[in-house]
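Labels A, B, C and D are assigned to the chains in the order they are written; within every chain, residues are numbered from 1.
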Amino acid sequence: MALPQPDRFNLSDAAFTCELRRGDRVAEIVLGGEVDIAARPPLDNVLHEALGTDSPDALVVDLTAVTFADSSTLHWLTEVKREADAAGARLTVTTAPGAVRDLLGITGMKPHLSD
Amino acid sequence: MDDTPPSHWSAPATPYEVGRLRRAATAAAAERGLDGRALDHLKLAVSEALTNAVLHAYPENGPPGPVRLEVAGEDGAVRVTVSDRGSGMAVRSGSRGLGLGLGILASVADFCEICTVRGEGMRVSVGFGCQTGC
Amino acid sequence: MDDTPPSHWSAPATPYEVGRLRRAATAAAAERGLDGRALDHLKLAVSEALTNAVLHAYPENGPPGPVRLEVAGEDGAVRVTVSDRGSGMAVRSGSRGLGLGLGILASVADFCEICTVRGEGMRVSVGFGCQTGC
Amino acid sequence: MALPQPDRFNLSDAAFTCELRRGDRVAEIVLGGEVDIAARPPLDNVLHEALGTDSPDALVVDLTAVTFADSSTLHWLTEVKREADAAGARLTVTTAPGAVRDLLGITGMKPHLSD
């Protein structure tokens, strides 16, 4: 799968990064840094962009570079899951050991998120 | 937990202040000797309490009210308090959330004290690294 | 709120004790001078706190743990405290509820104090007919 | 509509009463006294009985004689609504001024319950 030039969103807070990568029938949202309530508007935008135009078969949300996340991210992930289901796109959420995986463990949400 | 005086900050309860205050609280807790997993958990709990003040304390369409953050303690036993002067906790039928924030905060803290006064606001205190009750 | 000594009761945290304890608290609050809508609200808040202890404090398949009820105050200013020795508040992914109980309780009380200690239990105090904060 | 002999459930706690009345294509659940978590098993039973055998066109839940209710009743009413919808039965919840109507007011739930 060819990954074209990424669309890049950078918040004024340098800590949070959000990238959308598009491949053949696959969209990948790559987040980095600290994700909290202030990130909600760009997160909603990137989700609509990822699923919006012509809907991919697979959506990947890559959280491996996220250094901090709280329930704001969980609320957004719930929305991601709902919209991916509605668009018929397979969802994969990838995490690394650390803050995000701990949070998913605390809340028992990991099993609900990926197909 | 008596010798080092508490650190405190006040800010408008807006999304963009959450990160700044969270990082301030985490740095102050580290200076007071908290580390490792307990420090990560404090950071998470503070973020949840601040986010609640941003989302729930004040009317959606008015100007943001204030949120106050205090970090107290020393020798690895730290208490963080987040308070607002909003509506206090109430039933919200069209609640935007999953009811996760307070649950997460209470799950990771050693103890948690929530005080809410109708029409006057809410105060959430969380303790880390201390085995005192509340 | 100092002269009349508090009334208190202990019982196993089971569904059938909720009505008995709720009626005991309501009668004690009435004796302490609370009446009208405030008394109705106290009854509702106590029922929510007791129901939470029954549903959430102890493992579903074990024997029920204890719940303690205390009513204090006089001259129409009354504080009721419900405490358990259960898990403390935590995230429950398969939660059976709507997250209504604590919201209702905080909505009707003048003030509300919730303390939760991980692995040691939860205590909820609600105040009626008093303008004191918490 | 003819109301035949009511099925009557009485709890050991005299305060709570629960009656199922069946008419022509209508089932009516009539509650009285104090309704709390201890009432949940009989409430679930009466709901299944009301909708179970041959599903009525209309289900009426009469709460006018209820003297006390808390979130346990709201949780049950949410279930009633869900099951009535699934069974294709119109739901009407009737209340009198007092504890129940206050509770529905506090929680803003009244509009969600009846059709």
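Assume a residue touches a chain if its C-beta (ideal position, glycine included) is under 8 Å from a C-beta of that chain, and two chains touch if they have at least 3 such contacts.
Not measured: the values here are computed from a predicted model.
Chain pair with the larger contact count among B-D and A-B is A-B, by C-beta pairs in contact.
Chain C has its Cα centroid 24 Å from the Cα centroid of chain B.
Chain centres here are Cα means. That of chain A falls 43 Å from that of chain D. If each chain is reduced to the centroid of its CA atoms, chain B and chain D end up 41 Å from each other. Note on chain placement: the centre of chain A and the centre of chain B lie 26 Å apart, centres being C-alpha means.
Within chain C, contacts with two or more other chains are made by residues 91, 100, 103-104, 107. Contacts with at least two other chains are made by residues 106-107 of chain A.
Contact topology of the protein chains: irregular, matching none of line, ring, star or complete. Taken pair by pair, the chains that touch are A-B, A-C, B-C, B-D, C-D. Across the complex, chain C is touched by residues 106-109, 112 of chain A.
Only residues 91, 93-94 of chain C touch chain A when the two sit together in their complex.
If you check the complex, the residues on chain D that touch chain C are 13, 15, 34, 36-38, 40, 68, 70-72, 74-75, 78, 99, 102-103, 106-107. The residues of chain C lying in touch with chain D in their complex are 15-16, 18-19, 22, 40, 43-44, 47-48, 51, 54-55, 96-98, 100-101, 103-104, 107-108.
Remark: chain C residues 88-92, 95, 99-100, 102-104, 106-107, 109-118, 120, 133-134 touch chain B in the complex.
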